[in-house]
Every structure is written in structure tokens, then in C-alpha cells.
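Listed next: structures, encoded as C-alpha cells.
Shared between the two complexes below is chain A, which has chain B as its partner in the first and chain C in the second.
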Partner chain A sequence: MKRPRLYLQLLTYAALVVAAAVVLYPVLLVVKKAFEPGRQFALSASPIPTTLTTEHFADLFGARGGHGELLFLHHAWNSLVAAILTTIVGVSLSCTAAYALSRMRFPGHKAGLITFLVVQMFPATLLIMPLYVLLDRLGLLNSMVGLVLVYATTAIPFCVWTLKGYFDSLPRELEEAARMDGAGAWQTFWRVMLPLARPGIAVTALFSFMTAWNEFIMASTFLTDDSRYTLPVLIQSSVGQYSSDWGFFAAGAIVTSLPVMALFYVLQKFLVGGLTAGSVKG
Partner chain B sequence: MLPVMCEVRLVGISKRYDGDKAGRAALAALDLAIAPGQMVVLVGPSGCGKSTTLRIVAGLEDPSTGQVLVDGRDVTQTPPALRDIAMVFQSYALYPHMTVFENLAFALRIRKLPEAEIIQRVEDVARSLGIHEYLARRPKALSGGQRQRVAIGRAVVRQPKVFLFDEPLSNLDAKLRGDMRREIARIHRASRTTSLYVTHDQVEAMTLADQIVVLKDGLLQQVGTPLDIYDAPANRFVAGFFGTPAMNFLRAEVADEGGQRTLRGAGFALPSSTTSAMNKDVIIGIRPEGVALSGAGVPVAGEVNLREVLGAEVVLHVASAAGELTVRADAKADARPGDQVMVYLDPRAVHLFDARSEARL
Partner chain C sequence: MTRATPPHTGAQLRDWTVASLFALVVALAVFVGHRNHALRARQLELADRAAAEIALGRPPIAEAEAAGIVGAPHPSATHPFLHPRTVTGPTGTRPLGGPSAPAVDKLLYDAAERYDARGPFVELASDGSGHAIAARPGTGGVAVAVIAPESPEGMPWLIILGALGLGAVIAAAGALIGGAARPLGLAIGGALLAIPANGWGGMGATISIVCASLAVTIASGRGTLARAFAGFRTHRVAIAFLAPASLAMFVLVATPFCVGLVLGFFDHQHGQWSFVGLSNFGEILSGGGRAFDDPLNFWFILGVTVVWTAANVFLHVTIGVALAMLLRQAWLPGKGVWRMLLILPWAIPNYITALIWKGMFQGEYGAINALLHAAGLDGVSWFSSWATAFSANVVTNTWLGFPFMMVVAIGALESVPRDFYEAAVVDGATPWQRFIHITLPHLKPALGPAVVLGSIWTFNMFNVIYLVSAGKPGGSTDILVTDAYRWAFERGERYGMAAAYGAIIFLVLLLWTVFGSRIGRREDKS
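Let's turn to the complex of A and B:
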């Protein structure tokens, strides 16, 4: 390949630097607040703190709730349970659904796919009222099961479409080879297709986990008992109408985002794909 | 390995795809019997229905009508997993996430054979195919030829009732293709497993087959041994499909010259023993080895158009009044493009076809 001209390269880098700055600046302000003393945001627009402190992190990890429990850990546990359950429910249901939608033809096949697409188009805020009523009728308000159900159903349409696309890309001959080798439908799925779909599953698992881990509006609406709060709700509650601890908020936001970043880092090799190399010709 | 010899029969198999607006059948009423232990090669141009036939035997596709019988048992409705038939795919279709060992062992694991037997069988097959040292590798770390060996091994290790080969060598280069062809012939000789082999390569068909089945446009053209097919092609299509360079075809008419039946064409008259009706339009087929630059045959004058040197021999393309003639000649023949030559047609090497139906006369 020919090397692009120097000025074009410089222009490209300049554009990338500007884009990165625009994206990172607000994040840097939060990082700055987390390490800067004081409850209020400083007036300076500089993203570099003048004095450093870890007091907000100490507050965050040291704060205790009404029963003497460590507040942050307690709510991190709530968030973790919600996110992991959502991932398990979402991924297992979307794997099977996506495989069926990719490889089998049955009445309602197309309608099902389109439904999954259409429900994605509604903004989540529109669903809050009906979901609230539903959960209330089912007695699932203020419960982890209810929250996981809501999260999983919001994540599944996206997961199904992503995974269906992934299954579509896997060579049909592999499945036929497995069938010829004596494998039934379930064995073919479990032992051949599913392992090959790992990159796709990693993406959808990450998405499901993030959906649940970062979600705020539904959690704050459906969870009324403050001991059930997930992390985003806990952190938001530190910023009230009458008193706001932005230092606590910033430290909480950063710590909360760390697991997701770590997951991204671990799963990135799957996100690149390339697992099917060598299976069929070429 | 005990020979498992099964008979496979196709009865009135046809296949019509829903999407085909023209309503053409991919296969029309195919009857075929594969004797136990035989290697039958299905051959024909792309879209002739050969792969469809194979996939119907495999159970990967359902026929629109007809039955598939294995050892007299109707398996038409039996899912592929229960037919005990192994298939080697054109694309190899190796499981990419498994090692070579796991690939070979997969079918045995599904059948829940004892682990010791699985190891024994996989190692035996791997050794006989020369892939023993790659057992721990993944398919992507293998060359094309090695992958092909694994694909064949995966079928052999199962000791199935029937082997199916779907153009297994078409992704290999010429040298490897020859090697693997001999390997497949060796495996078939050793196991005597009834085999159905699909290819569009006439050399593979000729060298591997006990019986060749020629298909075109979903219709059976001829079934026979390689020599039957070569020496007595049932119609013009079969005659032209087998043999390199391809057979020459000349238009002629049946005539009578002094009480002797003669095939009269443009610029030649060949004595013939045909009993066809007088004045009938026919097509004369004559292989390039039946046309010579010297000898006792019927002479035809022409001009050399093209000279192809193959080493041991040369192929001359000669334009004559009778039509374009391909001549297989000795490498020492020094005719060059532009030279005027006489070529001699050997009357004994002539195949006769009806000009209208193209069937053998």
C-alpha cells in the first residue's frame, strides 16, 4: 500500500486529537473533581487539579448505611447481581433465539425479527410507565427479579440481532458436517455452533452487562427501598436539591466505570473475531 | 477394519426448488443402484444435479419425490445423523475450534464409544493418512493438503456404511490433487466401503470409478464403467465430456456408394458399417487419437491453425472443409500454424450420433 502524503497524515492526526479532546474533556473534569478537595465543582476550566486528595474515595468506600453496612460495597453487590443475572438471562435466551432465527424457518420467523427491530426504536423512557404498572401487578416492584427481567428484555432484541448476524456468518457446512457426524440439533448447537459464536457472544454479554450496570432511570423508578439501590442510583442520591457532594459523585462515577473498562479490556480479543479462520477453504 | 458393504439405491428421485420460477427440476426421476463396495462417481457440468444427488443421499436435502434405500431400508425420512453415512465436504468443513484429534474423534464421542477405543481408532487413521504428528494442532495451522487429509480421516474413522465425497479435491493444486486422488483410491481399496463421489473432473472420474454416472441438466446421460463411457458414449454430450483434448464432431449424411454405406461430409467420404437409413443426417465423433498426419485413413485437407506442445506429443488444431479437427500427433511432427496438411480419419475410430437427438447410433 502506498503511504499517504505527510500533510494528509498530519491533518488526520489533528482531526483525531480534536475529536479525542472533545470526547475526553468532560471525563477529565470528572476525574479532576474526584481528586480535588471540596464538595463543589471549581470554576476553572482547566482539567488539571491544583491540589490532589483521595478524601472522596475514602468517603466513598468508608460511608456506612443505616445498618452499619459499607454503603458502597453493599450497592456494588446489588449492581453486580443485577448485571450478572441480566447477562446470564439475556445471553442464554438470545443465543438460542438467534440460532433458531438464523438457521430455521418457521411461522412467525420474519415477524419475530421485525418485532425485535421495532421495539428497539422506542425510547426507554416511554416504557417506564407501562413497565411500572406491569411490575406492580406482578408484585415485582422493588425487587431484583423485576429489575433483571426489565433489563434482560431491553437487552435481548439487540443481542438477538447481533448474534443472528454472527450465526449467519458461520459456514453452513460446519453444521452439516456435525449432522453427518451424528450430532442432533442440540449437540450441533452446543458443541459446534456455540463455541464458534464466542466472539459474538462476548459482544452481547458485554452489552447486556453494561445495560444493567450503567442503567439509572429504571432502577431509580422501580427501586423504592434505598437498600436495594444499584450503584448509579446511590451515586445520584449524593447530589440532591439542597446539598450536593460532587466529590463523592465524581469518585463514585469513576469507580463504577472501572469494571466495565476492565471487561472491555479482557474481552477485546474476542471483539476482533477471526475464530473461524482455517475451518473452510482458504 | 471389517469391510462394511452396503447397497445404495435411488428410486425415482427428483428435486425441484421452490424458488425456481422456470419450474425446472434440479433432478428428474433419477434411478441409480450402487452395488456394495463400489466407488460410483457422479460427473457432469455445474448445475447438472450431481451435488444435489449427493446431498439427498446424505439427508441434507429432501427429494421432492422418490426414495433413498440403504441396504433395502428406506431412509428417505431418516435424519442425516442416523443414516451412518460419512461425507467429505469440498470446503473440508473442519471444526475450527477443535484440534485435529478432536475433529477426528467428534463422531465417536457423539456415539459415546469408550475413550480407549476412540484414541486407538483416531491414532490408527491419523497414522495411515500421515497426519499423526498434527493431532494437537488446530485446522488453521495446517496446509490445504493436510486439511484435506483430516477431512477424509474424519469420515474414515467412523467406519460408516457409505462414504460421500463432494468434489473433495477441487481446492487443491494439481500435484496435491493427484496425490490425494491416489490416496482416496487406496482407502477405498482397503476399506471397500460403498462410495459416492461427485466431481466435474473427468480424470478423477476415470481413475477412481468402478462405475461412472454422467448427469446433465438433472437428467441421467449414461451409467457405465470408465471404459464403457470412453469407448461407447451414449450420446454426443458424454462423448464430448470425456477425453482430453475433446472429441471432434463433423456433420455428415448417410449415403450409398457402390453398395457400400458411406458417411459423406464436406470434403470426405468415410466407409461405414452403419445400418442407418439413407440420407439420414448424422454427427461423426472421432477422438484426436483417431486422426493422424499420415497412415491408411480417409484423407482430409486442411490448414494448421494452432500448435500446442504438451511435451511427449503435440496437439494440432486444423481447419478443414469438414470442420475444425483436433489432431493428436507425435512431438516430432513439425507442422506449424499456416502449413497446409493432409490429415487421415481412421474409419474404425468413428462414433456415430443422430444429428437431431444426438443419441448414439
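Let's turn to the complex of A and C:
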């Protein structure tokens, strides 16, 4: 391959270095804050800490809440339960529908596809107020069940749409062979297609886990009792209106995001495929 | 009719089941509503009476779970920021709360707080536990009474089963007699539950059950039901497979959506709903009599939202495509590493990104002002004027949003055969011509849907607005979704206004999705 002129190469590098610096700067600031003493940012633009400390992490894991519980672990547990339950509800209710939308033809097939797509694209914040009123009536505010139901409103359409995309990519021959051997619709699905779809199901499950793990505004609205908070609400409240502890925030942000960031890097190529495939077909 | 009697009766009973299922749902709903209403009234009456007794200095009535005179708050000696209160009951005076205090103390304390803020009240506890609470003036403090929740009376299964059984018999008898008795039996048998429902829910329930039964009878006579059932049978596998997700969507999405639409016609103030017709929509669309540049004027917010969306999507696409083009040059080493680095903002949860940037834009300690100082410039108070606060939001959202467009563009560019460029170079095309005539047409099919999707995300990018500028100054940087949220949760629970906002946002999005994908499709063809 022929190389372009030197100044063009240098320009390319310069642009990429600037872009990378802009991307990394805020991240480095947080890392710096996490290892630097003090609750406020130091008045300095440098992303490199001058003194190092682990006090924020000690505080993060050692701080106790109003009921004597270990603050961070308690809320991490809340987040974990909410995200896992949401994933289970989302995936288990969606598999069959995704398969039907992918393979079967029936009146309303197209309308069904469009409905799931539109619901998946439109923001859950549109439903936040009616959901609040309904959950209040049912006495489900401040409860894990209520939060999981709320998260399921986004998780189910997402799972249906993504899994449908995965079923579309599976060859029809195996299915037809199973039919020839006398398997019914359910057996074909359960014994043949579902095992084949395992990678797709795993990816979908991990994405709905990440979405629930990262969700902030619903949790902050529906959970008013501070012992029920999920991690995003805890982290946001550490830099709230009245008091802010950016050291706690930075340590908490790093511990909370690292696992999902790792997941994101493993899964990102599936995400892009799924998102654009979905919208092109719609 | 040449069919034999048995399937005939079977079809009649099948149609009767359709009518009865609807009637059953209506009857159960009105019964539960009726029962809760009566229960609530009784609980409130008890709470009010107990509080009245306390206020008069008498012992509380037997039904009260807790009652007494709650004293004024006094700053605690050891922790001045705490304001404990005491309660004086039949057993003497004791402080509220503490390690071994009963859970009901919290209700007593909160009730006194609310009394101080809003005056006397009688109502059910807002925690959904079913406690009824009353507070009124008493000697030496607030007279507060709490009534424990009571379990409701059981369901009237006997009446319901009786009505259903009788209905089935009537419908079957009509079918056996044949002729005009057949539709008559179906109509009467299907509507029988209307009689007890009339006692529970009044005329509304009765009329809806009777109408449904008549509709089923007509549909049955014209064969519509039979065809529908045949359709069900043909597609029963698909229906069974779709059922779990569809039911969940119906309950979790369609129900709140419809509730939201209906609530748009109501006004909610201080816990009271009242029907106001189209006035919420009127107030929103007319701007509520506010000047156009008032941050509460709908058209102002819509303008901000559109500018916000356009600015962000433009920046996302420009930066994303530019970086994608840099990264596709064949001679560049370490493409994967650059790509990994540049999609970092996408990997970080967006509420954390928003909070980081909020910290960076702080006036006193923020890194942005520190950078300005280092460059010899004055610091900016970012959130005190519209332009700077809005820019802060845009910068944050551009930072977190460009990687998506970049990744989509990288994917699209991979599909361009390199020969095209080489041929174009041979033909003497300038770089700009190559971009316009080769790159852009290949980007469009993938970028079009990505732009529609990205614009919907940005239009609703709640976290960035809510966490970075928080609408400052004075709500002027709010977008539609955050403003709707504030109507519901930060401006005195104006749920009706929030619901009307939600409906309007939904329409705008729907129009944009339909319109946007139209444009995308037309460009595909050209």
C-alpha cells in the first residue's frame, strides 16, 4: 500500500492524538480524584495526581449506612438483584416470541414487529409518570418487584428484537430436519432452536443486565427510601445538591463501571450489529 | 342450518364464554373498587374520630394502633441537626423513635411534620401500607391517630359463580330451543353478571356488560366469532409462542401508556384528581400565557430540544465520520488500539459521564476552568447563562455520543471496495470529489437509520440535561422530557400536565420516526 505524504500522515496522527486526549482527559481526572486526598477537586488541570492515597476506596467499602449496613456492598447487592431479575424476566418471556416473529407467519406479523421496535426505540422516561402513579396505587414503590417490573418495560422489547435478529441468522435446515423427524413446534423450538440460540441469548442477557445495572432515573424516582437505593442512585447522591464528596464519587464510579465496561468491550461488536440491523429492517 | 345440535350448543357456549369473560373482568374490577372505597371511608372515619378523642384529652378509641399528642420538635442536645419530638399518650410521655421504638413512630413523626406544614388532615398513609392517619390541633401539640390497616372482606365468589352458572344454563337452553331463542339466550346469559355488578359499580358497569353481551350476540349471529376462532386455531402455535411477551407488554407498556393518555385530561393537585378536559393540552400548546422566552413556555422548550438534538446529532455524525475516515487509512498501524481508545466514552455508564462533566464544569474547582486559567483566560460560571450551560450539555453529550456514529461509519466504510478509490484517483478525482461521490453514498444506508436512532436518543437524553446543567439557569436548558419529569415530580405533582406533555412528546417522536425513515428510504432508492 502506498503511503500518503509525510505531512498528511502527521496530520492524521495529530488528529487522532487530540481525539484520544479529549476522550481520556475526563477519565484520567476521575482516576486521579479517586487516588488523591480531599473531597473536592484540587484546583489543577493536570490529570496526574501529586499525592497518592487509597482513603476513598477504604471509605467506599468501609462506610456504613443509616442501618449499620456496609453502604457500598449493600447497594451493590440491590443493583445486582435488580439487574439479574430484570434479565431473567426479560429473556425468559422473550425467547418464544422472538422465535415466532422470526419464523412464523401470521396476520399482524408486521404490526407486531413494528410495535416491538417502536417500544424499544422510544424512551422509558415517557412512561415514568403513569408507572409511578400505578405502582403507588399497587403499593410497589420502593420495592424490588416494582423496580424490576419497570425495567422489564424496556428489557422485554429489547430482548425480543435482539433475539429475533439472532434467530433470523440461524439456518432453517436443522429446523426442517427436526420437523421431518416428527418433532412438534414446541419440541423443535425447545430441543433444536433454543440450544442453537445459546450464544445469542447470552449476549442479549448480558446487554439487558448492563442496561439495568446502569439505569439511573427510574431507580432514583421509584426508590425514595435510601436503604433501597441502587448503585447509580447512591453514586449520584454522593455529589448531590447539598453535600458533595467527589473522592467517594470517583472511587464508586470506578468500581461500579469497570465490570460493565469490560463487558461492553467484549460485547460491543454484537451491539452495533443488533442496533443497526434492527433499524434497517424496520 | 343443517348442523346437528351438539356442536351448535358447543358454539353457543363458546360465544357465551367470550361475553362472560368480559363481564367477569368488569364485575371483579368494580367490586374491588367498591370494596376499597368503603374500606377507605371506614378507616378514615375511624382515624378522624380517634384524633378527635385525643384532642379532647380522652383516651383513644380501641381501633387506634397508635395515638397521642405529638409535641413540637426541639433541637437535640447532642446532635443539633436532629429535631426529635415526643408523644404523650395514655401511658405517659416518651420520645418518638430510637433503637427499640415501634415502627409506627415514624408515621406519628411524619404526620406531625405534615401537620406543621399543611394543617389538619385525614388520609391514608402514602406508603401504600393501608394505615389511615389523622392529625388535628390538640392541647400542647398535634393530636395524631394511626389506624392499622384492615384486611378487606373476601370476594363474592358464590354470587359470581351462581350468576355464571345460571348464565351458561340460559345460553345453552336458548341454543337447544333454537330459532330466536338462541341469540336471546346468549344475550341474556352473557349479561347476567350485570345484575350484581350494578350493586357494586352502578350504571356504568351494567351498561358496559350489557353492551358487550349484545355485541357478542351480534358477532355470533354474523359468524364473526366463528371465523375468529378458526383463525385462532390455525395460528394457535404462533399465538402461544407470542403470548408471554405480548401479555407482559400489554400489562407493562400498553396499560401505563393508556393510563398516561387518560391522565392528560385530568388535573392533580394535593392528592385530588379532577377532570379538566383538554385544558392541560391547551395550556401547553398556548404556552400558558407566558412570554416566548419564558423557560416554562412549551414552544421555548421545544425550540431548545430541537436545537439540542440537531447540534448533537450534527456533531456526533461529523466527528464520528471524520474519525472513521482517519481510521480506515490502510497505512495506519494499530487501528484496533485507536478504535478501542476512541469508543471508551460509549463504555462508561452515561450517568457517570454526566456527573464527571458536571464536576468538570464546576465554577470553583472544575477542570475546565482550571484549563482556562492555565491558558491565561478567566474562568466561566458555566451554569449562570443559557449559552454556556447549553454548551456544557452539548459538550458532554457529544463526548459520550460520537463513538456510536464512529463505529457505524467504520462498519459502513468497510463495505466500500478499495478499487473504487484507486480508479477514482487514476481518473483524477480530488479527495473532496471522492468523498462526495464514493464515500457518502456508501455511508448513507447505514448512517440514515443510525441518525434516526441517534436523534431519538438525543431528543430524550434525560441523564445529561438532568445531571449536568439540571435545567439551570432557571429551567431554561431543560428539554421536553426533563420538563415533563419536573411537572410530575418537582412542581407539586402536577401529574396531569406531565401526562399531557408525555402524549405530546410521543406524537412528536412518532412523526419524526415515520418522517425520518421515509427520508431514509427515499435516499436509498435515488
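Criterion: the second predicted complex is superposed on the first by the 235 of 282 C-alpha atoms of A that agree within 3 Å, B and C clash if a C-alpha of one lies under 4 Å from a C-alpha of the other, contacts with A are read in each partner's own complex, and residues count from 1 in each chain.
To be clear about the criterion, a contact is a pair of C-beta atoms (placed from the backbone, for glycine too) under 8 Å apart; a residue touches a chain by one contact, two chains touch by 3 or more.
Not measured: the values here are computed from a predicted model.
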{"item": "Partner chain(s) touched by A:E173 [first = chain B, second = chain C, both, neither]", "value": "first"}
{"item": "Which superposed partner A:S44 touches (first chain B, second chain C, both, neither)", "value": "second"}
{"item": "Partner chain in contact with A:S237 - chain B first, chain C second, else both or neither", "value": "neither"}
{"item": "Which of chain B and chain C A:D181 touches, first, second, both or neither", "value": "first"}
{"item": "First (chain B), second (chain C), both or neither touched by A:L196", "value": "first"}
{"item": "Winner by number of chain A residues touched, once chain B and chain C are compared", "value": "C"}
{"item": "Partner chain in contact with A:F106 - chain B first, chain C second, else both or neither", "value": "second"}
{"item": "Touching partner for A:L131 - first (chain B), second (chain C), both, neither", "value": "second"}
{"item": "Overlapping contact positions on chain A, where the chain C interface meets the chain B interface", "value": "275-276, 279-280"}
{"item": "Contacting residues of chain A [partner chain B, same complex]", "value": "171, 173-174, 176-184, 187, 191-192, 195-196, 275-281"}
{"item": "Contacting residues of chain A [partner chain C, same complex]", "value": "1-4, 9, 12, 15-16, 19-20, 22-27, 29-30, 40-45, 89, 92-94, 96-101, 104, 106-107, 112, 115-116, 118-119, 121-123, 125-134, 136-142, 149, 152-153, 156-157, 160, 185-186, 189, 213-214, 216-217, 221, 232, 235-236, 239, 246, 249, 253, 256-257, 260-261, 264-265, 268, 272, 275-276, 279-280, 282"}
{"item": "Footprint of chain A on chain C - complex, ascending", "value": "126-130, 231, 235, 237-246, 248-249, 252-253, 255-257, 259-260, 263, 319, 322-323, 326-327, 329-332, 338, 340-353, 355-360, 362, 364-367, 370-371, 373-374, 399, 404, 407-408, 411, 445-446, 449-450, 452-453, 456-457, 460, 462-463, 466-467, 481, 484-485, 488-489, 495, 498-499, 502, 505-506, 509-510, 513, 517"}
{"item": "Complex contacts: residues of chain B adjacent to chain A", "value": "58-60, 79-82, 85-87, 89-97, 106-107, 110-111, 138-142, 144, 147, 154, 158, 171"}
